[in-house]
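Got some structures for you, see below.
The two complexes that follow have subunit A in common; it is paired with subunit B in the first and with subunit C in the second.
Our next item is the complex of A and B:
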């Protein structure tokens, strides 16, 4: 082996010695089943209130984790419960070294009806670790616009039975605090089970 | 208004929905038999006995399987209910319909040469075995379920393929016409029990799959407290246990008839 080749392996060996594993390279877009962003999204910096009433600094609290961010509401008849149920079901089956590196955060687009009690109970039915965040609709729509999502809008006059139009996309932020991929409605449990380990073990943003 | 139950994107509602195609199917099945009795029944033929009631019961089973609420629930919301439909269409209704048709009517139906040939071919156990199990496996493939059940015509095609395959499956066992040379009782019992094992394949996939197999049911608006995988496991158990129970139940009846025919040779000629 040439001296230069031997020397080039030193940093890699040092990395293995300090971290115990070889960092994976980021997956190529075609390796992921989600829809890749050609221009990755920056993780937004905002603070909303959890269902327990505590402030939640999104960027700080999720730093270093794969974070699935979703905007929806508890009265949603289809998209929201299906997304949450599928993500929860997959996280229960993935190895702990993957699942504990994933945080799920849902921001309500229906703050009038999604009381902290109702929202917290609804999320806990899927997974008690899921974080529910509540803010004013203006705040929530402003965050969505930063993420290139359409604003939530109310349909129907009746205060009890109206529906809320909202994006059906789950945005996946990786440990580099950027979103390289999003998951539209129709993403199946098999797709989550395929992609989440890749997102957790990927090394986006590493030098 | 929909004419046949198919998957929908809307949340489930317990509000009754009409399905005219189902009513038409029921009317055709009842009407055809009434007309046959009126115009074709022999003047001094065999007595109807309880056959009419058995036939009507078979039609009622089809009606229940296809109409609201089982029809739309099975077509678009719960795989377990879809499997109940399969059992009703393929395992419950066909034996009742075949048993409910008098022999003179069966003979009248196969009087044309082409009809007799079809009946003869479909009466061969191997043909019936293959037809039934090909339909069983094909209609449970994810691409077929996800692709066809979303449209009314596709859903209708799946339901009718189950019914026709069920009639073909049960015909060698319950088709009583001697001119079609039915199998002796031991052969019928072996044929039935052989058919218990094929459904084990899709049933095992449903019961033991780690993730939902069908996108249609995984992404359907939730309407029960069941997860998609729990619903799928229940479907697998229904397919295996309920289907197996029916098959073994009828095999037991055949066994005792066989035993009875050994004691009274006249009965054995049925």
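Our next item is the complex of A and C:
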């Protein structure tokens, strides 16, 4: 009896020693490569329209998932496509039990030019499961303000060639529907590959 | 303008076989290295990167860029103010003697707009750079995936865990 107890304990301890944490304990900020929020962000409650024209209740649709939220646009030369390409490449490489727990949602900061068709095709270059959301710029900026992000704004007079300033940060919500960490531009594929399994592994105290 | 100018940070002659690199193009006092273009994710907008090293004793100015993708090509810089990233057109760009104009995602890039021939992965983009002193320099630029472009940015040390 005693022997079997000891035997069953050893692999568990070994697992804890290897992984650094048991499943329910969230990673410490210093274990993550992303930038930790000292005051975590609450997942915002909003509904915008997908590139397929369907309503998307962000909080309900992403409930319980690790959800990467980004605000950008398709005329963006490199920050936006590189974030999306990096995340897509890493999700393809991670074990399915990790990648299926991750949802990626991008909200356009350029609703005038990012038509559903254009935005949908653009996102599908990276991963067809990425969700593209469209709303008015006022709606989008209101959501960004709740996330303590600066508002997106248009620069330039010409209706075809204006540019859009926007935050370059990807916000990562976890199973507790809060964001404890964000990822600036310059986050590498190996940073994502390091952090996403850690974000997925814990339920962050969610019921 | 000088903040992103990095003098000779690339170690020449350190081959990196994991990434596709263009050969160095030398014309007059100019050396062009690290030219690449991601295959655009949008049908009409793309970007192009290269590094210009001015080895001469006079300043040189990059006046214009043309590409086989058609449309317009203009030098832009990303700036970050109060957490907002935005692009600014720089216009003709002066490179001081012994200085380097290094383009990379998140910094300087050539913005390709209203392109008529969308470059695909594996294609070569024909590029003509026009400099005030040196004149025209022709480049054949590989078209890469964004994933490959992102890998070019990684420090070799990043791969260790």
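Worth pointing out:
Definition applied: the second predicted complex is superposed on the first by the 182 of 207 C-alpha atoms of A that agree within 3 Å, B and C clash if a C-alpha of one lies under 4 Å from a C-alpha of the other, contacts with A are read in each partner's own complex, and residues count from 1 in each chain.
Basically, contacts are C-beta pairs under 8 Å (C-beta built on N, C-alpha and C of every residue); 3 or more make two chains touch, one makes a residue touch a chain.
Keep in mind the model is a prediction, meaning the values are calculated, not measured.
Model built by superposing both complexes on subunit A: subunit B and subunit C clash.
When the two structures are aligned on the shared chain, A:41 is found in touch with neither subunit B nor subunit C.
Contacts of A:91 after superposition on the shared chain: neither subunit B nor subunit C is touched. Judged by the touch definition given at the top, the superposed model places A:189 against both subunit B and subunit C. When the two complexes are overlaid on their common chain A, residue A:81 makes contact with subunit B and with subunit C alike. By the touch criterion defined above, A:168 reaches subunit C but does not reach subunit B. Once the two structures are superposed, subunit B and subunit C can be ranked by residues of subunit A touched, with C on top. After overlaying the two complexes on the shared chain, residue contacts for A:107 are found with neither subunit B nor subunit C. After the shared chain A is superposed, the part of subunit B among 39-47, 93-101, 111-119 or 147-155 that runs into subunit C is 147-155, by C-alpha clashes. The interface of subunit A with subunit B overlaps its interface with subunit C at residues 77-78, 81-82, 85-86, 89, 185-186, 188-190.
In the complex of the two chains, the subunit B residues touching subunit A come out as 9-11, 210-212, 215, 218-222, 227-229.
Against subunit B, the residues of subunit A that register as touching in their complex are 77-78, 81-82, 85-86, 89-90, 93, 185-186, 188-190, 193. Listing the residues of subunit A that touch subunit C in their complex gives 74-75, 77-79, 81-82, 84-86, 88-89, 118, 121-122, 125-126, 149-150, 152-153, 155, 160-161, 163-169, 185-186, 188-191, 194. The residues of subunit C lying in touch with subunit A in their complex are 38, 41-43, 45-47, 76, 78, 80-87, 105-106, 109, 111, 113-114, 145-147, 149-151, 153-154, 158-159, 161.
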